[in-house]
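Note that chain A is present in both complexes that follow, paired respectively with chain B and with chain C.
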Partner chain A sequence: MVWRRFRSNRPALWSLRLLVVLLGIAFFADFLANEKPLYCKIEGKRYFPVLADYGQALGWTNPDPQFLNVDWKDLEYERVWWAPVAYSASTIDVYNAPFKGPFDRQVVAEDRFWHWLGTDDLGRDVAAGMLAGTRMAMLVGVVAMSVACFFGIILGLLAGYYGDSRLRWTRVRLLANGVALVAAWFYGFAARSYALAESEWPPGELGKSILLGLVLLVVANVGASQLERFPLLARKRALPVDLLVMRAIEVLESVPGLLFLLAILAVIEKPGILDVMVIIGFLSWTSVARFVRAELLRIRTLPYIEAAQVMGFSEWRIIWRHALPNALGPILVVVAFGVAGAILAEASLSFLGLGLSIDQVSWGSMINKAREDFSAWWLALLPGLAIFATVTIFNLIGDGLAQAMDAKLNQ
Partner chain B sequence: MSATKLLEIIDLQTQFQTEEGTVKAPIDLLRLPEKEMRPLRDKDLAMIFQDPMSSLNPVFTCGSQVLEAIQLHQRLDRTRARQLVLDLFARVQLPDPERIYAAYPHQISGGQKQRVMIAMAMSCQPQVLIADEPTTALDVTVQKAILDLMSDLKREMEAAIVFITHDLGVIADIADRVVVMYQGRIVEQGPVRDIFLRPQHAYTKSLLACRPPVDQALRRLPVVRDFIDWREVDGQRTMVERAVSVKQTLAQHQLTEAEVEARRTRIQSGEPLLRVVDLRTWFPKGRAWWGRPQEFVKAVDGVSFEVYPGETMGLVGESGCGKTTLGRSILRLNRTRSGEVWYRGKNLLSLNATELKDLRKEVQIIFQDPYSSLNPRMTIGKAIEEPLLVHGILGKAVERRERVLELLATVDLRPEHYQRYPHEFSGGQRQRICIARALALNPKFIICDESVSALAVSVQAQVLNLLLELREKYQLTYIFISHDLSVVKFMSDRMIVMNGGKIEEMGWPEDIYQKPQQAYTRRLIEAIPRGLIRDDGF
Partner chain C sequence: MLWYFGRRLLLFVPTLLIISLVAFGLSRLAPGDPIQCGTQDLLEHGLGANSYESARTRYREEARRKGLDKPPFYLAIRPAAYPDTLYRILERYQRQTLRKLIDQYGNWPQIQAYAQRLEDWERQLYQLPRERSRDAQIRLERDLRLLKLSYRQERVESYFVKMQALIEADSLLREDLGPAWQALREAYTQILDEATPERLLQPALHWYGTDNQYHFWLFNFLRGDFGYSCRNGQAVADRLGGALWWTLIMSLPAILLSYLIAVPIGIRAATRRDSWFDRISTLILFLLYSLPSFWVATLLIVFVTTAEYGAWLDLFPTSGVGELPDEAPFWARLGERAHHLILPVFCMTYASLSFISRQMRTGVLYVLGQDFIRTAHAKGLPPRRVVWRHVFRNALFPLITLVALILPGVISGSVIVELIFNIPGMGRETISAIQARDWPVVYTILMLSAILTLLGNLLADLLYTLADPRVSYD
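What follows is the complex of A and B.
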């Protein structure tokens, strides 16, 4: 039903098709642009250098010493298949640096090595950069939105389903959990910040901190269960989940997103692209949470939820099997818009030179290069268009979804 | 059949006869192009829909919506148009037209919304007013007021009304002539008296018979199948009318006084299954910031009664009197303020979570709205199976499936429905599914909250019969909640009349019907559509 309505929306449908193409590019980027040949035959032996890279990354094969530090374009081949763009995004072509446009004179051995979309200051191929940028943009969208959905769905679910008065805990349990949370933060992070800072958030140390926090929470709840035997402590109180979550959202949303991002990145030493993605995700859970909350406010009063309660189903089951699946439609809309926002945020950061290491390329970092030479129009125009198109695609899909679902709700 | 379709189907060339005269519109609407149809539809034809909630736009005030409708086809300046709206509101007997003018749809009651819709329909002085089930979503008392209003307006404005309904009882109050449709065809038409006194077609008879009578006690309600047979003749299904009269059929199903008496003594001999003592459920209204509630809506306010095993306790009252809240409080879906609910020696209100889960198997509820009481993303089979799984009643998947199929058969559904999703079913079928799901846990006690109120009368009769059969088969005890006194009277052994959260009256149904002690009860009884009271004796 929703799908049929979505399909009748032309721009949204075309956007979806383009998105599939973009995802394809992101997935096969290594095969579309690579300095190594896809297949070659040297001295009677066959090689698949690009596939071999995947094998090495997975630890299945060892690098072939014969090809260490070789320039693939200088080798003698009996047969060779190059990728459509015969450069990787990080390949530096010193003969064509800096800033050779597509129509400038280029020094290339063969026509197939022509830089069709020009090069940047170091002589890196722009076409290869565009393809790598596509992969980066999709990755940012997926990672950031996964993080946003994780926090957004959980918090929105709690706020919407329990509201201010439906989550009732005994006094002692409330108290114990509150104390345990503070203690977990203190002993897990604040008191150990030295250890953590020294080694720059190594996974092991971080895991220890989280484990410590979990242990404290479990201890608190076991203790609370024991103490609940005393009637005075077992009196129930409502935990205003909705109020807490909504206030948190408001506080977070009142700070301009980009400023917040910059502030956090300034604190982290040597932020990598993954940090950027996670932080963008963490800043955009609020809109997911709002939507999930609104949907659950509606759904939790529906008779099928009450029927489930009357049949004695656990809260857990009711939330996951009955409430959440029916709230997922609208979440798709937020995710579509959220991806657009995340891509834009990442582009801004890369433009400012944050997050990416030297050998990584994204659309934003390419535009950044264009600042150095204003005549290098190809470096500004092409990634700019790509960002614009991708963001538009996601917004159109979001619009289409929103319309298709609204129609369903009004029906 | 949808009335939007009707707008296109009525062939005005044959001239639409009504008691008030002939609509002078010798145009064949069927052949009229859409462009010319539009102004006609807006001006000469007006329409009122079943659901007043969805036909008014929630973001505009009631007044501005009627105003817009007027300005669409009358050149009037704003102040004059506004005055006209206020006049119209006064004419449809809305209290305080100025206030309603400025109110948003959610701020006024269902009956008031329907009056606003009528005002909007009247605003262009239509010659034909088509009303598609305009009172189905309303209370009996409100329904009566709306019907009276429409009769008055019909006389005053000399407009013809096409009143579409599934409820013949309502027709008797408002119509001059009746057209009965069955499976897309007109099977009978004539003056309302003839239809009621001498129904010719079997379907008309079944419609007359399937509404629960208020002056008789029946074993079960007659349904369409009692009057119409379908036979396979030459590979074609043909309709065969049975030659029985309404009166005969009703007499056949009548309970004798001895039977009623025997049932009563049997029921009352046991210990009460459920005992509600001074139950109060108050909802906070206007809460101070981060503080205690200031005022309360006293939805249930000091209610006490007992229900015996096997008994059906009817609960009747206007909407908003607290019936639903009472049922929900017994099931602990609401927080109660004070009181006790004793079920088999346990106070339901003070059980902890594990004790409560065990009791959940015994007490179930069937809701009013069959459209939202099933999870739209779960197949019927899974929905009925889930309680068995959660309570670990049948260990093996095969056994559970068997049981689900058996339950489907119990409520007259077919095994192939197992894999289907709720949206593939009609309202009556969904209500059967809900019943099957409630039965899955072998409950002893079921609360039916307006379980048949959303259904057409002929379907309602089938579901009521099913509930009665199940009561005998599984020794069930019911609390049967409805705003419709005739339905409650048919179902119940004893009944309670509720008003404003308190019990107004409690006793045997025929006593309450024949000798109501309270003015409120009398008002409820008077609001029952006239078509049901068969004083003509046919």
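What follows is the complex of A and C.
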């Protein structure tokens, strides 16, 4: 139903198709722009150098020693398939630096090496950079929105479903959980700070700390259920989940996003692109949470939820199996707009020169290069066009989804 | 009603407290030595004992001046192995090294003795006359600097071995530094031998009272004393005052213009729904909405501020706000300023313009569907009157919420637009403060913009009741 309405919205449908193309580009960026051949045959042996890179990145294979210090374009091939763009995003072509436009005189050995979209200050190919930028943008969207959805859905669900008065815990359980949280922080993090900071493999130690915390929480709850036999301890108190979540949202939303982002990034010694993505996600969970909360407030009063409650299903099961699936559709709208926002945020940051290492390229960092040399119109125009198109695509999809869903709600 | 707003104001308190805590926590986590912010390396010193001592005194005084010699917070919960007085070690990196040692061995008395021996030995090293065995001394000083930052056993011991070799090789050095060196090594062995890691598992709470950094900063802030920028010692209030002036000069015309253009467009598009005007304006506004302003600003700078693409495109100055001498006639100065501000104001206008008129259109469309509009038409009111008297007033709601969004924007400015056009406003000030880790300025901006956002929300609620008497919060 929703899909049929969505499909009848032409701009939205075309945006979705374009999005698939963009995702394809992002996924196969290494195969579209690479200085290494996709496939080659040298002295009777076949190689897949681009695929081999993936193997090495994952630690499955070791680099082939005979290719360690070779210039791929100088090798003698029996057969070879090149990528459509003859450069990787980080390849530096010193002969065509700085700032050679598509129509300028370029020093190239073959037509294959022509920089169709020009080069930047270091002589890196803009076409390859655009493809790598696509990957970066899609990655930002996916990672940031995954983080945002993780926090947003959980907190929004709790706030919307329980409100301020429906989550009632016994005194002893509240107390036990409070103590357990403090203990989990102390024994998991404060007392283990050396192990966490100095270990060979920090995620492992972090995992141990979290596991310890979970064990403490389980112990506290088991203990609490034992102690609930005493009437004095078993008196119930309502936990104002909604109030707490809404306060948290208010705090995060009261500082302008970019400002907050910059202040948090200042804390990290050398912020990488992954840090940027996660922080963007962490700052944008609020919109997801608001939306989920509003949906849950509506769904909570629907008869089928009451029916499920009457049938004695556990709260857990009602929330996850009955309430959440109904709220998931509208979340897609927030996610679509959120991705647009995240891409814009990352582009602004890399425009400011934050978050990227020197050999990484994104659309924002390319635009920034245009400010160094005003004659480089291709750097000013093309990456911005890509950002603009991508953001428009996501906004159109969001609009289309919102309209399609609204229609459903109105019926 | 009053009660409602009173309660809302009360709810600000926890929110603002949390934000101040977050800002404070961020400043504690940020890398770099806050005492040395804005100064040259204070611990760098020349030859001789006097210079060494005076460098340390200077450092202590700077810390006191910035209020950084106090404990950071009201209380601390941490393993019992920690002393209460760790904050008195002012040098951040030294403090971190000691922390790491405590985290490994849990015996502060021994670690303190080791730190003391290290300092004594350092003093002795710098007191030696330089001429005697210059080469060995310089190498010892370099190794000592690294030893002071080492906490892993293998690293500490590798420096011990290296330095021992240097001392042994020189008979004069051996004579002067030998005994203290032995004491230092013994102190380290003692840390290893008498380790009490079980003390790390024992929580301890220490109460420092109100004479702490956070309290100092928060109460000064409440009194309106925002402190001093650590970059040039200027008062934060003065610094931000100047920046705010420029931001206001840019954002007020931008806000005014965008409302003046957006509201009629929104109303016209909605009242003539599906006409060519509606379709085209909706499309254009939608595209404007997705245009990143930093891209538009870059394009404008690249294409219309220089003669790069033809002399006729050299229309505007590239950056800055235009400085004419004070004796220039007022109108000339005004014209120069305006000429510089056209492009940035344009960039700020188009972004909010598209947003406002989209909201306006939706709002008007909603109102047009209501019964009382049909009634108004039916009783024969002229269409203009219906639109402006009945529709407009009821479509004000979306505009009101936008007011709440605009207030904090005035403070934080349009960060990127100001940066690109090099306008000394709040946005550029924010970025440079964050990048220089000038926390007194960053705190103030974060807090002020949070306060304004909250006030903006409250103001929106108040305006709602004015626009629609039916809304009440009782």
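To be clear about the criterion, the second predicted complex is superposed on the first by the 374 of 411 C-alpha atoms of A that agree within 3 Å, B and C clash if a C-alpha of one lies under 4 Å from a C-alpha of the other, contacts with A are read in each partner's own complex, and residues count from 1 in each chain.
One rule holds for everything that comes next: contacts are C-beta pairs under 8 Å (C-beta built on N, C-alpha and C of every residue); 3 or more make two chains touch, one makes a residue touch a chain.
These numbers were taken from a predicted model, which means no experiment stands behind them.
Engineer: Here chain A is shared; do chain B and chain C fit on it together or clash?
Structural biologist: Aligned on chain A, chain C clashes with chain B.
Engineer: Does the superposition put A:302 against chain B (first), chain C (second), both, or neither?
Structural biologist: So A:302 only meets chain B here.
Engineer: Examine A:32 and indicate which partner it touches, taking first as chain B and second as chain C; both and neither are also allowed.
Structural biologist: Neither partner.
Engineer: Considering only touches as defined above, state whether A:340 meets chain B (first), chain C (second), both or neither.
Structural biologist: After superposing on A, A:340 lies in contact with chain C but is clear of chain B.
Engineer: Thinking of the overlay built on chain A, is A:313 touched by chain B (first), by chain C (second), by both, or by neither?
Structural biologist: The first partner, chain B, only.
Engineer: Check the residue A:387 against both partner chains and state whether it touches chain B (first), chain C (second), both, or neither.
Structural biologist: In the superposed model, A:387 contacts chain C only, not chain B.
Engineer: Going by the contact rule stated at the top, is it chain B or chain C that touches a larger number of residues on chain A?
Structural biologist: The partner with more contacted residues on chain A is C.
Engineer: Based on the superposed arrangement, let me know which partner A:322 touches: chain B (first), chain C (second), both, or neither?
Structural biologist: First partner only, chain B.
Engineer: Once the structures are superposed on A, label A:187 by its partner contacts, choosing first (chain B), second (chain C), both or neither.
Structural biologist: second
Engineer: Out of 7-15, 61-69, 349-357 or 475-483, where does chain B run into chain C after the fit?
Structural biologist: Given the superposition on chain A, chain B and chain C clash at 61-69.
Engineer: Which residues would you name on chain A as touching chain B in one complex and chain C in the other?
Structural biologist: Comparing the two interfaces on chain A, one with chain B and one with chain C, no residues are shared.
Engineer: Considering only the defined contacts, which chain A positions touch chain B in the complex?
Structural biologist: Those residues of chain A that touch chain B are 165, 302-304, 306-314, 317, 321-322, 325-326.
Engineer: Within the complex, which stretch of chain B touches chain A?
Structural biologist: Residues 328, 331, 333, 335, 356-358, 360-361, 363-365, 367-369, 372-378, 386-387, 390-391, 434, 437-438, 441.
Engineer: Chain A touches which residues of chain C in the complex?
Structural biologist: 11, 14-15, 18-19, 22-23, 26, 29-31, 77-79, 100, 103-104, 152, 200-201, 203, 286-287, 289-292, 294-295, 298-299, 301-303, 305-306, 308-309, 408-409, 412, 415-416, 419-420, 430-431, 434-435, 437, 442, 445-446, 449-450, 453-454
Engineer: Hey, which residues of chain A end up touching chain C in the complex?
Structural biologist: Chain A reaches chain C through residues 182, 186-187, 190-191, 193-194, 197-198, 247, 250-251, 253-256, 258-260, 262-264, 266-267, 269, 340, 344, 347-348, 351-352, 364, 367-368, 370-371, 374-377, 380-381, 384, 387-388, 391-392, 395-396.
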